[in-house]
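Given below, in the form of structure tokens, are the structures.
What follows is a pair of complexes built around chain A, which joins chain B in one and chain C in the other.
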Partner chain A sequence: MVLPSPEFIIYSIAYGSSLALLCLGLTLTYMTTKVPNFAHGTLAIVGATVTLMLIDRVYYQFRGDPLYYSLYIAAPLIAFFVVGLVALTEYLLVLRPLVRKGIGIIGLMIAALAFDIILVNILTMTLHLAPSEYFGKLIGQSLKGFDARVSLADITTTFSRLAMPVVAVILTVTLHLFLTRTKFGIAMRASIENPSLARVLGIDVDRVYIVSWFLAGGLAGVAGSFLSFIIESVKPAAGSLVIVSIFAGSILGGLGSIYGALLGGFLVGFMEPMATIMLQNALSEFLGRTVIITQYQRLFSLLVVIVVLLLAPQGLTGLNYREVIGRVRRVVGVG
Partner chain B sequence: MASLIGRYLRLQSLLIVVIAVVAIILAFPLLGLTITDVFSITTILIVVLALNFMAGYAGIPNFGMALFVYIGAFALAGVGTRIALALVEIASPGFIELMRSSYPVILGDSGSFEVFVRVAGDPMVNRIMSREVESVIEASPILSLTLTLAVFGFAMIAGALTGILASLAAVRLREDYLAIVLLAFSELMVSVVFDQTDALAGGPNGAWVVRPWLKINALEGLARLLGTIPDVLISLAVGLAVLAVCFIYVERIANSPMGRMLRAMRDDDLAIGVYGRDVAMTRLKIMAIGAAMASIAGAIHASVYILVKAADTYDRVTWTFIPWAMMILGGMANNWGAVLGGIAVYLGRKAIYYYSPTIASAISPILGIEASVAGDILRAQLPNILVGVLIILVLYLRPQGIIPEKPSRTLSKKDIEELT
Partner chain C sequence: MVGYILSVSDLNAGYGRFHIVFDASFNLADGEILTIVGPNGSGKSTLLKAIFGIATVYSGLVSFKGSDVTRYPPHVKARIGLAYLPQTDNVFAELSVRENLVMASYTLEESEARDRIEEVLNIYPILKQKLDYKAKSLSGGERQILALAMTLIRKPELIMLDEPTGNLAPIIAKELLKKIVQLRDELKKTVILVEQSAKAALEISDRALLMVSGRIAYEGPSKGLLEDVELGKKYLGLR
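Presenting the complex of A and B:
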């Protein structure tokens, strides 16, 4: 088996890192409100759109200027707040009133889907109608050429692909410290695990939910901001395919633990392009002609969803590993 | 006495519906609606009824309706074209050879198998051959009937199998997992598998359809009067017949012991499991029946199209989301409600579509863009945004919909006394 090129591995790691952040956000909102947020993929696209608009504004003035690189900090930061507010809108205007009215899970899910459709259409309108300084028109633009190239030894890659995993690690460590070392973080974990007990102890559970929705949106914004340099073009409909990978990673992680979500998201995001390219190479070698299957890459995510739900619906973190090892041993016939 | 009043009320509500339907049909020319709109409403109502059967009665959150509708379209555009070619070849042997000599540039030295792949896969071959095949099919009653039965039979079976396959992974789990799997399955099958594989039904270029209908000259005059073509009238007639059959079928199941079991399963699947019902098996059956219904609707819908594209024509907004909006507005687990909601949402969208240029010319000076550009964008996006807002508002203000769910009809006291 021939390994893909180092450039491709770096790309897969970057994609895995952004998917880990997206799965983390989805799992966080699922744990608080118990609704799978069908709009999460589109939230990432909002982050990508913010980045596109920012580059459209500053590219004329700062092209070639070292100051241009501050964009890599400014764009995710702005995306964090903008998308955080969008997610907060979804929770405060759509889901919370419905939860308080006692609407069932199916109603809440269709409401989340409704928000997704509204968001996609508003984004499409914005991209068509918003004035553009550099591109002329914003819809369907690719940011691939706007990423700074970086050469290390004989590997050429781009800055965002190197920065993405670093940012993901920094955010994860920060979140871990926030959840374990601060009073609000501990209150947050308590309200997720047992809302009624937390309420009895005087924790404002509703404020905790608001913060988790804002955080989930913010992380989706950061991930989307970096994804904008990787995806073919920034188009609102892309969210409906990204959401499948997000669900795959979250379900693999168990939909009940944020560390599981990080692991599941990274694994799905890393393995999706890697497995596809390796299968493609193997097939080409086997058949003796070039076979292209990269357009079917997303099927890997669907496969993960189906296999995990059939074999271990509780995901990686819900498995009883001692039992699994025992069963494997019995099957193999060792011990 | 009570049963007499009940029967009278039922008759009255039936009368109201009949009057409403007649009024809507009469209002069509005034609203600028055509026979094509009647046809669109008919096909989407079949989808809404299928959805109501799955989601309203049985509680299966089917967020993947678009796939099942597309399977029907594929039965016509992908499979039907090939069956049609085979039928024509059997009826008049040497047809493929004739095609090969008539179109040497595009068919060249393609083998017979390759011709069968390319007849629905290659846009160029597909476009020319489908017209040629259709001209043979529409002249022969036997070929036309065989093709119709084959296409609808395939749509039904393939739809049912897809329904089972799509839900198999999560049928034992909670509703939210089921919703995720159905959404993911539908999204990836339509916009990745079918849309990226040319050999299935033309991939992103789409495929031309061979209409299985017979050419009936007598319909020519009526069609001209209604401003359409005979083929559309036949599609509409078939659609209305299927709609009526589906309506009666769903209504009868809903009012049977099976219907009460489904409602119980929807409200508490654990409890009904304790009573010895196999929840997973029932869900699979409902998925198979509902998906087959949606699939037939897809085949009928595709039969008026010239070109059918997977991801472009069968997107999730039109075929998953809007049927959901129609069902929620009308009232879940209520078939009259589903019909009413369907017509209301369709007409509402049509009206927004109609007034978009007016709205655009009002707001375009403020935004500093051309009115025609703004009009096109509003026309494409505004109806979807408003349907999204409508769903949220209906869920908040009137979650039971326009016509709330009614207790299922049981035998009258007199009938039970007679039986015992």
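Presenting the complex of A and C:
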């Protein structure tokens, strides 16, 4: 087996970190509203778009200047609030009215899909119509060249790839402290576990849901802002690719625990490019010519979904190893 | 109509289209324990939920300390001095004992909340050693004591307990009944208790109410129900 280069491993860690934040958000909204939010991938793309526009309007002129590095604070921060508000809009304008009408899970899923389609179209219109200062046109731009280069020993990587894991760890620790040390954070956990008891105790459960959606959107914005430098091009439909990995990571995490989501998201995000590149290297070696399979990378996430649902539907957090082995036997057909 | 902390008259209640409780009427004096008994599915829990505002009330009146509270939502009832302990899921299993108590005092001022938590911990000292344990790791009896402590934090005057001894071993159940007597005798609370194991509960209570198929079949002193051979045999498995 041919091991990927250190550069590629750094890239995979960065991608895994951003996916961890995305899975965390998806799981948070799933635990509160019980709707799998199909628009979550596009929420990340909104964050990427914010970053693209910020470079176009403000940062283009600072290229090469130390001031340019403030982009890595300004972009995620603005994306956090913008995407937080978009997610809040989805909850308040679309999902909550339907929940109050007693619409079932299927109806809510279709509504989330509809919101996703609307959001993609709004993004498309924005990127087509918004005048661009430097790019000529905004849609479909690659931001890879706008990520500051960093050299460590003989490894050359980019600033966003090094910053993403650090930011993910900081956000995770902050969220953990918020959920365990503040009264409102504890109320969030209480409302997620048992909303009717929380209501009896006088906790405003609806406000907890509102904060959950805003936070989930905000984290998607931060992740998307960093992803804008990693994905091939910033285009509205890119969310439909990311959503597959988000679901895979969340399902692997069990959809019932934010810590499971972080772990599942990181594992899927890290393993997806790693496994693909290692398989590609092995195949090339075996066949004696270069084979390119990276365009099939999402297959890995789909496989994770199938395998987890078949063998351990509760995900990592609900794992009972003896049961899993039993299921493996049954699925494979031995014993 | 003097001296009653709770009056229920001609209450009809249920869940949406499912009419479960029919024409329930009873009064409860301050500082008494009322035990509600009856077969499974006879509507005991529904009656409590209707009083607290969780089940739907179709008609009738619930008055608490002389004022009509029939249509008050649960969190308002909690604020004016009623407490209700659900039959199941009455603590947050994933939260620690301390966090559960913080949630029970959610609507109180910070300093007041701290004092009240201190107070209930003095009433139930076993919780003191378990403050950082998750509620799901407590034994059944400890869990019910935590639930009791949570209802006591807001200093309610009327406490409604739905089968608190439900899944407990007999010895532990007896201990818990003692704690309920303590609510009345030492803390001067009024208690409505729903119980399956009727005999032990009736022996500690002042009044009794027998529900059969959503209707009240007996209402009076609990002694009266204990001595009623026919009702006892038919519905309570006594003798």
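By our rule, the second predicted complex is superposed on the first by the 317 of 335 C-alpha atoms of A that agree within 3 Å, B and C clash if a C-alpha of one lies under 4 Å from a C-alpha of the other, contacts with A are read in each partner's own complex, and residues count from 1 in each chain.
Assume a contact is a pair of C-beta atoms (placed from the backbone, for glycine too) under 8 Å apart; a residue touches a chain by one contact, two chains touch by 3 or more.
Given the structure is predicted, the values throughout are model-derived calculations rather than measurements.
Peer 1: Touching A:A275 in the superposition: chain B (first), chain C (second), both, neither?
Peer 2: It touches nothing on chain B or chain C.
Peer 1: A:L179 in the overlay: touching chain B, chain C, both, or neither? Say first, second, both or neither.
Peer 2: Neither partner.
Peer 1: In the superposed arrangement, which partner chain does A:K101 touch: chain B (first), chain C (second), both, or neither?
Peer 2: It touches chain B, and chain C stays clear.
Peer 1: First (chain B), second (chain C), both or neither: which does A:N194 touch?
Peer 2: second
Peer 1: Compare chain B and chain C by how many residues of chain A each one touches, and report the one with more.
Peer 2: B
Peer 1: Touching A:A312 in the superposition: chain B (first), chain C (second), both, neither?
Peer 2: After superposing on A, A:A312 lies clear of both chain B and chain C.
Peer 1: Let me test your reading of the model: by the given contact rule, A:I210 touches which partner, first (chain B), second (chain C), both or neither?
Peer 2: It touches nothing on chain B or chain C.
Peer 1: Kindly list the residues of chain A that each of chain B and chain C touches, one partner per complex.
Peer 2: Touching chain B and chain C on chain A: no residues.
Peer 1: Write out the stretch or stretches of chain C touching chain A in their complex.
Peer 2: Touch residues, chain C against chain A: 52, 54, 74-75, 78-79, 84, 86, 89-95, 99, 102-104, 106-107, 150.
Peer 1: For the complex, give me every residue of chain B touching chain A.
Peer 2: Against chain A, the touching part of chain B is residues 55, 59, 61, 63, 168-170, 173-177, 179-181, 183-185, 187-188, 191-193, 196, 316-317, 321, 324-325, 328, 367-369, 373-374, 377-378, 380-382, 384-385, 387-389, 391-392, 395-396, 399.
Peer 1: State the interface residues of chain A toward chain B in the complex, per the touch definition above.
Peer 2: Going through chain A, the ones touching chain B are 34-36, 38, 94, 97-98, 101, 103, 105-107, 109-111, 113-115, 117-118, 120-122, 124-125, 128-129, 131, 240-241, 243-244, 247-248, 251, 295-296, 298-299, 301-302, 305-306, 309-310, 313.
Peer 1: Chain C touches which residues of chain A in the complex?
Peer 2: Those residues of chain A that touch chain C are 183, 186-187, 189-190, 193-194, 196-203.
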